[in-house]
Amino acid sequence: MNLFAYTILAGIMYGIFFGLVGLGLNIIFGVLKMINLAHGDFIMLGSFLAFWLYDLLGFNPLLVIPVAVVVFFLVGVPLYYLFVPRLLKSKDPEMLSFILFFGVSQVIEAVIIFSFGNNQRSIPSNVFGAAGFDIFGQRFPSAWLVTTLVSLAAFAFVYWYLHHTRMGYATRAVMANRDEAMMSGIDVDRISAFVFSMGLALAAIAGVFSFFIIGAASPSMGPELTTLSFAIIVLGSLGSPLGTVLGGLIYGVAIMFMQSYFSSWADILPYILLIAVMLFKPEGLVGKAARSA
Amino acid sequence: MCPNGKKLLKVEGLVKKFGGFRALNGVSIDVCQGRIVGLAGPNGSGKTTLINVISGVYRPDGGSIEFDGCSIYKLPSHKIVHLGVNRTFQVPKPLSGLTVWENVLLAAVYGSAEGDKQQTIRDSLEIVDLSAIKDAISAGLTFAQQKLLGLATALATKPKLLLVDEIAAGLSHQELLWIAEMLQRIQQTGIAMIVVEHHLGFIDTLTSDVVVMNAGANLFRGSINEAAQNEEVVEVFLGR
Amino acid sequence: MLKKYFPSLGVILAIVAIFIGLPHFYDNQSFLFNLMLYLALAEGLNIIYGFTGYLPFGYVGFFGAGAYGGAIAITLLHISPLLGVLVGGVVAVLTGVILIPLLRLSGAYFAIANLAASQALYLVVANPSLEKITQGPYGIDLSSVYNANAGYFAMLGVLVFAMALVAYLRNSNFGLSLLAIKEDRVTASLAGVNVIRARSIAWMLSAFVAGMSGAVFGWYTAVFYPSTVFSLDVSVFTIVFVLFGGIASVAGPLIGALILYSMYNFIGISTPQYFQLFYGLLIVLLVLFLPDGVVSLLKKGKVYVP
């Protein structure tokens, strides 16, 4: 019973974080209808940014968040204008963007190996204090609580952005129909560049906290994280950012149960989930109603 | 009743839903061997959906479709083609990377078991007058030529029934007369047709047997003249 | 009718001559072996990607399935390695049959689901609880049947088979029907093509080539681990070669693999990251400026590409 309660609680905390892992990918898909195959590598970049700032300057991971936002907007906007408008005009945007971002993923991985070596890096989980905290008599590391709160804050921010700001309103229009949004006078490229950068920044923030949930970061972890993120957003609902949290929760609880009860098969779970959902419930679990969110 | 006694196509109570919307709501139609039936109706009445369901492009949600004595309900397109039904598209969909000849070749080889393939291809191109440009890449064809290519590929599968979807749309008056004459020539080779057309004038030159659809169901069947007298038909065509 | 096969046949004979002749002048057999391996994989991927448009990111799954299928058959059933190569191909085809439902997915969704499938397969094979059959993560040892020269010529045989398949598709009505499916499924099926059957056949042929390649690789290498034969790099290399060379011809993937794998071998082997960087940039540039590969330049110059 104890193990069961622990598993559920840990699964929920994990799940909220995994929602954040998929959020950036889903928000970009929502606006561009493209799969950012370098998503996992941007998560990895976030991890290495956090590691570097911690190692060199002793930065607390929470302080890395604003840095990541600035850095990835500086990276994201030019990257968007360099690639995306051209891709959208090509004869097969879905497939070509997929391949192009795969190339980007390879470049990022190589550059990080050049800069940091092909080693695993980590930040000790006691940066947020060694004490830990109790929920319903179960003890969890403080880093988990911080990670969960940061992830929830990220979702709250995206919700606020989409539903309570002018740009968010325009973003939802672009998500619903790019061409119509353009006709109605929305600067679609400006909105898309902004959301694209926001997606990268969210991925990086997930990377900053991945040390405490996933473990050590390595330059080659990108593709695996991309597949995992894709599984999560397909579970939730493609193109509906807030549905991601549901996908994250299902994955988080499921992976916790696997680790507690069938640990040797736990690694395989995201892949099986991905294939199963794509084949049997391709519209995702949230379905149509939440799609427009 | 058919004058020659043989019914080729018998569709009864056909239903097709998109989500909650019933695009076809119990429509029925039948075609006699070698005859042309005109299918008219306002936009959104379900004409093209009916063609799509009969040709297996969409899966039906109820009713029955019998062709030449056997059910083609829910069969995949290629099987329906093999039994002898083919169709054209309002917006033509040629394989744009292939040549005109290759487009028709594919249909001749895969669409029908019998006959000399080379001869079939030549005949199909001949009847639509595309022989001169058989080696052109089909992406470079004009809209009208692409429509003709669609007709040629359909003919190359040796259909007994041809479903012609709005072939006159977007064509000039001259082209229209020419196409009407060509469809008559095709009919003379023994091929039955359902000719979907928004304008009754075009249908009038081909047949006196017209079915009018509205809201996914039958509204009227008879001659063009009777249709013009029918209050309901006039109402749906003119709007209320 | 057979005359149209002549250019393709010329290309195949040239490749055979190269790989029979070269070992007399150049003694790095393992490089030549790997080159043939990637030529065969590139042609195998060409069958499914070039002709039907499905990009199999998990192509390595068939390679690994073949390597393990062949090796297990050789060690447990004591069959000859050549027969083992065939078994490897068959095991990959069976894997392909299980994955046929993935072909319902379009474009990028298919690619990512296939990637997931290959990873799942890797984790199953490498799982310690299956140690009795697959040796789990500890790898396979085939040194008792090791024979470098036999392996070399077996690889050449698989390569010829792969090239011949593509030559057939390039010149036959079946190949034409696959290209039709790639362009427009509805139009293809109204031409009477059984879309589901045709694309499944292409998928299984493609799997067969990768499976046999994997089995020969296992035999030639003698000792290998799941992480080697299920490495995502195998998919990546093959896809890059095919994209670079150009799809749906015999020559395109050959050109891509010959140029890029040779470059990789002569420049990049000590620090593979240089090549990862180079490949990454190359992919980006190809997508933006030359999406149909090098042979599209030849086609623009009205040169017939076999």
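Letters A, B and C name the chains as they come in the text, with residue numbers starting at 1 for each one.
Assume contacts are C-beta pairs under 8 Å (C-beta built on N, C-alpha and C of every residue); 3 or more make two chains touch, one makes a residue touch a chain.
This one's a predicted model, so the numbers in the text were calculated from it and none came from an experiment.
S.K.: Between which chains do we find the greatest number of C-beta pairs in contact?
M.R.: A-C
S.K.: Would you kindly say which chain has the C-alpha centre located farthest from the C-alpha centre of subunit A?
M.R.: B
S.K.: Select the chain whose centre, defined as the mean of its C-alpha atoms, is least distant from the mean of all protein C-alpha atoms.
M.R.: Of the chains present, the most centrally placed is C.
S.K.: Let me have the rounded angstrom distance from the C-alpha centre of subunit A over to the C-alpha centre of subunit C, please.
M.R.: Averaging C-alpha atoms per chain gives centres 32 Å apart.
S.K.: Taking the mean of the C-alpha atoms as each chain's centre, how many Å separate subunit A from subunit B?
M.R.: 50
S.K.: Can you work out the whole-Å distance between the CA centroids of subunit B and subunit C?
M.R.: Chain centres of subunit B and subunit C, defined by C-alpha means, are spaced 43 Å apart.
S.K.: Could you list, by residue number, the parts of subunit C that touch subunit B in their complex?
M.R.: Those in contact with subunit B are residues 173, 176-177, 179-180, 183-184, 186-196.
S.K.: What residues of subunit C sit close enough to touch subunit A in their complex?
M.R.: 53, 55, 101-102, 104-109, 111-113, 115-117, 119-120, 123-124, 127-129, 232, 236, 239, 243, 273-274, 276-277, 279-284, 286-288, 291
S.K.: Help me check something: in the complex, which residues belonging to subunit A touch subunit C?
M.R.: Going by the criterion above, the answer is residues 35, 37, 83, 86-87, 90-92, 94-100, 102-111, 113-114, 118, 223-224, 227, 230-231, 264-265, 267-268, 270-272, 274-275, 278-279, 282.
S.K.: Looking at the complex, which residues from subunit B come into contact with subunit C?
M.R.: Against subunit C, subunit B makes touches at 55-57, 76-78, 81-82, 86-87, 93-98, 102-103, 105-107, 109-112, 153-154, 157.
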